[in-house]
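The data blocks that follow each hold one structure.
Common to both upcoming complexes is chain A, partnered first by chain B, then by chain C.
After this line comes the complex of A and B, so read on.
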């Protein structure tokens, strides 16, 4: 982890975290589907203080053409942070971190999207982080699944994202920015609840084998909670006028 | 393009059929890494260096040590940066030019494994707080690519840093000056070792070759430290893992990693 020394008490004597949560509690998550006019599908997600807009275009023609595949559609993902999304201005050019996150999110979504249905086409997923507060990759992944579903692209399952981790020697759910900076470990998880498959998994920080098991356990639990909110966002959009669900 | 796909599919079927019989294309056990050899000090001009050969995959890691201005928020710690690049001599598909996402991922996963393990006690690498610290730069050059570059870079980096010598500096007029011919041992706390596993069908194999790499469904790289704890992890590829598989992979990584750690220790 960043290992920065701060004065923040990550976990007080009552087991309450620096933002008032219990160890096994996620931040407040709200998702709205269908927020952009031009995109084929879109979503706006607030994951605690993270604010992320996702737009999906496609299936559409592939440019450049040599990227197209006669056997399957391709998924392209771009995770990008706005310069104003963090404390100190971020250079708008894509950093190596963003290149890597784009890649892991793409590989987390691929198992869910039925790309073989659209050979020679591309589905483009653009995730724009407007405000970042720790756990952006999970939040972006969560929003991206909703936007893909909103675009009407056939999917096997939604992918829900939530991190687990370790701070002040305790296993915690949904690591926030302070806990990411000063905590001991961060383990972001992307999970398909219906298929029971983990499609995104990273870790930085030290965990004993026992803590590792616990982190995956509560991380999956967090993903299941996020999944319910994803489903609700889609229901709210498509059945808002009181149609039968 | 479609020709390639048909060959990939045939190859995949062949590899899968073998796995069902409990065999791998090169005759290894599922949990058996390829032969690892490590040569230390192959680049005398570098403060530390190692050539790691994992089967036919070869990586040269060189460590350069030099004084640096610290980042504003970490003035009480030294600096550690690992990179990795695939040289165009390594494989016909390797290209020159700006790194593509897979190479960026390779470099970042290599860096994360070393950094997050706390391999070096960075607090011991400070010359003067907030003014000057020691920077340790470990650059990996992949010279021959036969799959599983993650582990080859991990072993080369760990071996090179473990064997490096830190030049002595003294502060004169607020500037660090090197004392020629004097060195100290690096402040090593643990030896991180990554183990990459490929999932092919329902099978999990350790240290995939380039053939297995080309057809695998997904992969996971787990780095463990000398205490047998998990310190870094990266999932990749277009499929997922179940919870049980992940726990099995972590156990496998610690088990296989402890043997590899011995090879790295003995290389010094």
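After this line comes the complex of A and C, so read on.
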């Protein structure tokens, strides 16, 4: 993306972005764990104007049977956008983009989950985007890892997601929809904060090596901020109602 | 000696570092012992484990479980044991070694929907766990009320050396068969005792994380005994 023509001022002379944030500021993130009764684990995340609901089932029987693995459990992810999640109605059939995002989120979660303990089973993660505003893959990944922890799936670490990018020739944190459309680059990052490992890294656009380094740096910083909110969501659900033993 | 205080941990959180053994629900990352699950950390005699607060039941050898017969083939029954795996109960376990599928009627012994108290014989995960109903306190369950709680709260219900469950049983005049998989069968001659025992179990399920639970349960049992 070379940046499309637009009337929006992405960055004003005071260094304030189109939605009033500073360049190194994330949007407001809120997460609630355990919102669905019928799923084994669930989470609801609001990442700015993104609203995503995640449900986790499993470990459970694998259907179709031929997909099962006798050595380990398998992880299956489905990222889906509701027809009303965007301005123009979105066809609810899985699009090319959704298939891709499902795949990258699955691969971003796989290093974290430990499914060796559950051979011949599957863990299913369903992510439903109710409202989209740029950066849904990071938000969905963030919510999915909270929902997995809520379901009691053993994990090496939580995975936090946050994008960095470039708009109006400046390196910015947490790219929103306008900046994604009109900006110059978008670099979503999935990160395991305790293990200090990146599990998702994509780049749409062009960055110089120097800008790339900066993006990674502030992106990881953003992931660490998101991680604190994930942690709080789990603590609120499991530890809020009683004193420590 | 319980060592350090129990702490609330989430996946990825470092519990302690140094020379400790990483046991249940923990992994070693470099020098650190890290939790893999949401729960309470327990550092004890050089080993670290996490008591889970969420998650399903995984069959372990020698566990007593309560299952519901879901179907049968000519050689075995399958039982739903509230887990991601189903229990396999071989017909020879009930009929003896000279079982023959042509002369013995399996449904006469155990039909679909019957409850059984069973013990897990082999849970090596390469195939579905093998269960048995021959043994003391095992077999078909004919009467009682089935109660389902989270499998993670079973140890809390039993209490230290069975203190909690003994208290419930003696003060309500009831018998509780506890399956490690979170299924319980409560039976009592006295309907009021039965109801009170179920209430006590539900209270424990709700308040499992609270510290002075035994007192609370005791209070509840005594308050309604008039």
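Here is the rule we use: the second predicted complex is superposed on the first by the 241 of 245 C-alpha atoms of A that agree within 3 Å, B and C clash if a C-alpha of one lies under 4 Å from a C-alpha of the other, contacts with A are read in each partner's own complex, and residues count from 1 in each chain.
In this section, a contact is a pair of C-beta atoms (placed from the backbone, for glycine too) under 8 Å apart; a residue touches a chain by one contact, two chains touch by 3 or more.
As the structure is a computational prediction, the values presented were derived from the model and not from experiment.
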| item | value |
| --- | --- |
| Three-chain arrangement built on chain A, chain B and chain C clash or fit | fit |
| First (chain B), second (chain C), both or neither touched by A:158 | second |
| First, second, both or neither for A:192, with chain B first and chain C second | both |
| Touched partner set for A:25, first chain B, second chain C, both or neither | neither |
| Touched partner set for A:221, first chain B, second chain C, both or neither | neither |
| C-alpha centroid angle, chain C to chain B via chain A, nearest 10° | 120 |
| Contacts of A:49 with chain B and chain C, given as first, second, both or neither | neither |
| Partner chain in contact with A:205 - chain B first, chain C second, else both or neither | first |
| Which superposed partner A:70 touches (first chain B, second chain C, both, neither) | both |
| Touched partner set for A:128, first chain B, second chain C, both or neither | neither |
| Least Cα gap, in Å, left between chain B and chain C after the two complexes are fitted on chain A | 11 |
| Shared contact residues on chain A - chain B and chain C | 70, 192, 195 |
| Interface residues, chain C side, partner chain A - complex | 5-8, 10-14, 25, 27, 29, 34, 36-38, 40, 52-56, 58, 84-85, 125-126, 152, 207, 209-211 |
| Interfacial residue positions of chain B with respect to chain A in the complex | 1-2, 5, 73-74, 77, 101-102, 104-105, 107-108, 112, 115-118, 218, 220, 225, 228-243, 246-247, 250-251, 254 |
| Contact set on chain A toward chain C in their complex | 40-41, 58-61, 70, 112, 114, 117-121, 149-158, 192-195, 231, 234-235, 238-239, 241-245 |
| Residues of chain A defined as touching chain B within the complex | 1, 3-4, 69-71, 96-97, 99-100, 102-104, 107, 110-111, 187, 192, 195-209, 212-213, 216-217, 220 |
